[in-house]
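Below, chain A partners chain B and then partners chain C, in two separate complexes.
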Partner chain A sequence: MRMKFFAALALTVAMGSALMVFATPPPAGSGSITGKVTYTGTPMKMKPIDMSKEPSCAKQHATPITTENVATGPGNTLQWVVVYISAGDEGTTTASQGVRYDQKGCQYLPHVLTMLAGQQLQIYNDDQTSHNIHPLAKVNQEWNKSQPPGSPPIDTKWDKPEFIAVKCNIHPWMHGYFAVLKTSHVSITGEDGTFDIKGLSPGKYTVTAWQEQYGTKTQDVTVGAGAATANFVFTATPY
Partner chain B sequence: MTLKKFAVTFALGSMALLTAGATVSTAQSHVNSPDPLLGTPSVATETSNIDGITGHAESGKHLYRRFCIGCHGPDGNGQGMNAQWIDPKPRDFTEATFKCRSTPTGTLPTDEDLYNAITRGFVTTNMPSWRPLNPQQRADLVAFIKTWSPRWAKEKPGASLNIPPETAITIESILHGRELFQKLECWKCHGPEGHADGPSASTLTDSKGNPILPFNFSTGERFMCGDSNRDLYRIFMTGLDGSPMPSFADVIQPNDAWDLVHFLRTLQVALPNQELTLWQTYKAAHGKDLKPIGPDSAGGAQ
Partner chain C sequence: MGRLFAVVVTVITLLSVSFFVMHTWWMPVDISTTGPAIDHQLEETMTGSGLLFLGGQLLLGLFVWQSSDKNPARKIKIFPGGANPLVAAAIILVGIEILTLTFVGSKAWAAVNLVPAAADSLHIDVQAEQFAFYFRYAGPDGQFGGLHPDKIDDGSGNYFGLDPANDVAARDDVVVGSLVIPVNRPILLTLHSKDVGHSFYVPELRIQQDFVPGIEIPVHFTATQTGKFEIVCTQLCGLGHYNMKAYLQVMSEADYEQWLKGQEGQ
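Moving on, here comes the complex of A and B:
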């Protein structure tokens, strides 16, 4: 019991001092970290989504959209990878503006949305059908709300950093992610697999890349005045 | 590891009940209370409060070991030795996600919600009714359950849903409820006649990824979260967290909710009830004029 108490005390003290370090982040700099995220191996195929059960959505897509959990491009690039500063100067820790998430054509837009812990999040239903929005949070608390057509946006926020899978149980093909971070130094890879984390002051950083199927990869990067480079390679599996 | 040797003697709840009178062993328990987690309510101090009864986690711990451990497990994570045989799976208390709540989706239930769930049991699942335990014992168990997750130390339960007095059971009320069932797309999961055969029904999984079916209204099965019209009102307003059944609290007005309750009763064709009788009379005369519920019905999702 006594041991536990001291361990807890030590931890609290450690956390306290860590907080003090981050409480006053240095001003944003002109440095950046750019790079590309690719894979080796055989990834699962992007499959066309059959929305025939929801005609009001199906007709919004001239050609069927494809699954996005592993979105690949020419040259083995990976889209929708969240690349962020996981140690070093983490940037702004409070946000002045909210972020917006849309359900449109029975698809989540964007597929992965980044936000800060505590940042306001507004969820819209732009469709002519009901969605139930069901963030499967584990660190934060999961909830599950119906949002019929024409309802006001759902106003919410997440208190703790977590990658939260989002689904609609009514339309089982709808999958997305909330990437709740404690850093504003983040970039999501585009179709060409590239990212660009801007506004960094010179210094040492740990950079983490997260892909929803393949997990995280981390590397240390030193940033000078200009752009530093960091590339990430994930090992793909066909399932 | 003597801890691991702790013999889980009690298998299913019903068997455990047979020994309810026996003395509780004083051996060191393998109920791994999550005390070491920072901020977790401790077994020594956590309490519950139900209608004037104060439950104590310390006493609840012994009861848990005797009656609940076989299903909910020594670590409270729903992985007791019997869990593998059970579907749906026993609740994982470390997640503090509960189905039968009077509180908004995403919030902790009240002590009373947990107490009622334990008392009632979950008909149609392996979770027995614990009515044979006395109220003090059930309150003690509620207090103990709250020691499995740090959320209980950090958060307060949500505010209980305010349920206005029930409106009159009329054919207008039922018809309006039927429109809501169509418009809010309950049928996509529950099916046009409530037979659990809507277009999304076969694809549903719970939050742990296990397949789950919507409630089938037609079989005579009772609701897990209570049987009265007030219970039914609360069920769809707050939703069943951890399952695909969403909360409708933000999208249904109080009086409309009563209309929906009245309509849902008419789907329970195997359980004679007032709404059903009224509805059957109406249908005998006007059935032909009713648009079937489903994708092509006007007033639905265009």
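Moving on, here comes the complex of A and C:
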């Protein structure tokens, strides 16, 4: 009799919480925050990467790729900056789809990948050589996994928000980042330094821009019905 | 059965010796000034030990053949005095062989490892890490920047741990993934390891030297031929050991200067 009571209670609680999730749908706001990320000063030079020891990768690049920790574009723009809502966000749900990360041409593609905490992450090896991906997590659990050519993708996820540097234990030059966030309101700057965070309801937000070499910059932005603007300027040093 | 074994032993002996006599799997071309002495020593060692091997194995075959009949009446001959003099004789003979090889070979070894590098040698730093080699040139100022292991950051290409923000000498250091050298010029490498033991082996240079973490190990040589040769790690260093290699490119002095200028511009 008591067991039945608990079962019924558990069912009620489960249904109740399910209803609550449906009752508060993600606010598909029409507001957005757009802007540009630039630098002042002289950024460090990106260095060409010598892959001659891995011919199957080297031949995939007509000209040698360079390091990407400070990727710049014309007009002092900064690429691969993660711009996200760090406070004031109430509309994030769990993601239904996973995200994909590729090891291709002995390079991590994309260089910076954003995902939600708990979101499925699939890591592919598209190369004719073995990789050993090693996310250097500090808040989450750190691990590394080998993937010989033709291996199935690694299926994983990160439980807690963290910016995780990623390296390959076989190819020292391979370097990327996982930006694990608790918000889906995020945008990564392109080569032109622009970002566009969509789907925001009117309100006050704190926006953070993260660059792997220069750290974070934060500003408060009020969003109305249309597009609000927020620009970020990082100070670059040559060394 | 005994006779068959004697024949098999003889055939294996003659076949394996013939591979060495005909140089079926021999060393690659020698491109180093110290190489000929090493090769000469190797030939002498192989000839000496090869003759002993040949003689020993053929005697074994002969004795097996002779004693393979099942005649229980045949008297078994033993070494005069029994086993003890036999063991003593073996120790003395093998000892003399090893000591002779050591004394004769030490000259060739010393020319590589005990003679200091020429004063006008080109200095190049080598960093070994799981699983790649990196090479550092002093750049236009001729000065190497200091090494700070805490500054090592592979993601930004700082494989050596340079500190260009505070160290002016480090700013123009050239760091590359291939060892490029001019022909006929003495080269002095300083081997560093970031993590575990590795080894620098270029068969064509006849040089093989371990990296030991925490120790700077000098290696010097002069290449006598231009071309591209493989540098391989020959010290098991982890799961990617099989994949740890780089290339040695020996160029004419002019080509080398041009290459270096191109690197300094980057």
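Observations on the model:
FYI, the second predicted complex is superposed on the first by the 211 of 239 C-alpha atoms of A that agree within 3 Å, B and C clash if a C-alpha of one lies under 4 Å from a C-alpha of the other, contacts with A are read in each partner's own complex, and residues count from 1 in each chain.
Basically, a residue touches a chain if its C-beta (ideal position, glycine included) is under 8 Å from a C-beta of that chain, and two chains touch if they have at least 3 such contacts.
None of these values were measured; they are calculated from a predicted model.
With chain A as the common reference, chain B cannot sit beside chain C without a clash. Within the superposed three-chain model, A:175 lies in touch with chain C and out of touch with chain B [touch as defined at top]. By the touch criterion stated above, A:44 is placed in contact with chain C alone, chain B being left untouched. Judged by the touch definition given at the top, the superposed model places A:132 against both chain B and chain C.
Contacts of A:213 after superposition on the shared chain: chain C is touched, whereas chain B is not. By the document's definition of touching, of the two partners only chain C reaches A:69; chain B does not. In the superposition on chain A, contact of A:227 is made with neither chain B nor chain C. Of the two partner chains placed by the overlay, only chain B lies in contact with A:56; chain C stays clear of it. Applying the stated contact rule after C-alpha superposition, one finds that A:145 touches chain B and leaves chain C untouched. According to the touch criterion, the shared surface of chain A, contacted by chain B in one complex and chain C in the other, consists of residues 53, 129-130, 132, 146, 169-172. Per the touch definition, chain C reaches chain A in the complex via residues 129-132, 154-157, 159, 164-165, 171, 175-178, 238-240, 243-247, 266. Partner chain B is touched in their complex by these residues of chain A: 4, 8, 11, 53, 55-56, 128-130, 132-134, 136, 138, 141-149, 151, 154, 169-172. Within the complex formed with chain C, the residues of chain A that make contact are 44-45, 47-54, 67, 69, 129-130, 132, 146, 165, 167, 169-173, 175, 213, 237-239. Interface residues of chain B facing chain A in the complex, by the touch rule stated above, are 35-36, 38, 95-97, 104-107, 151, 183-185, 188-189, 199-200, 203-204, 207, 239, 241-248, 250-251, 295, 301-302.
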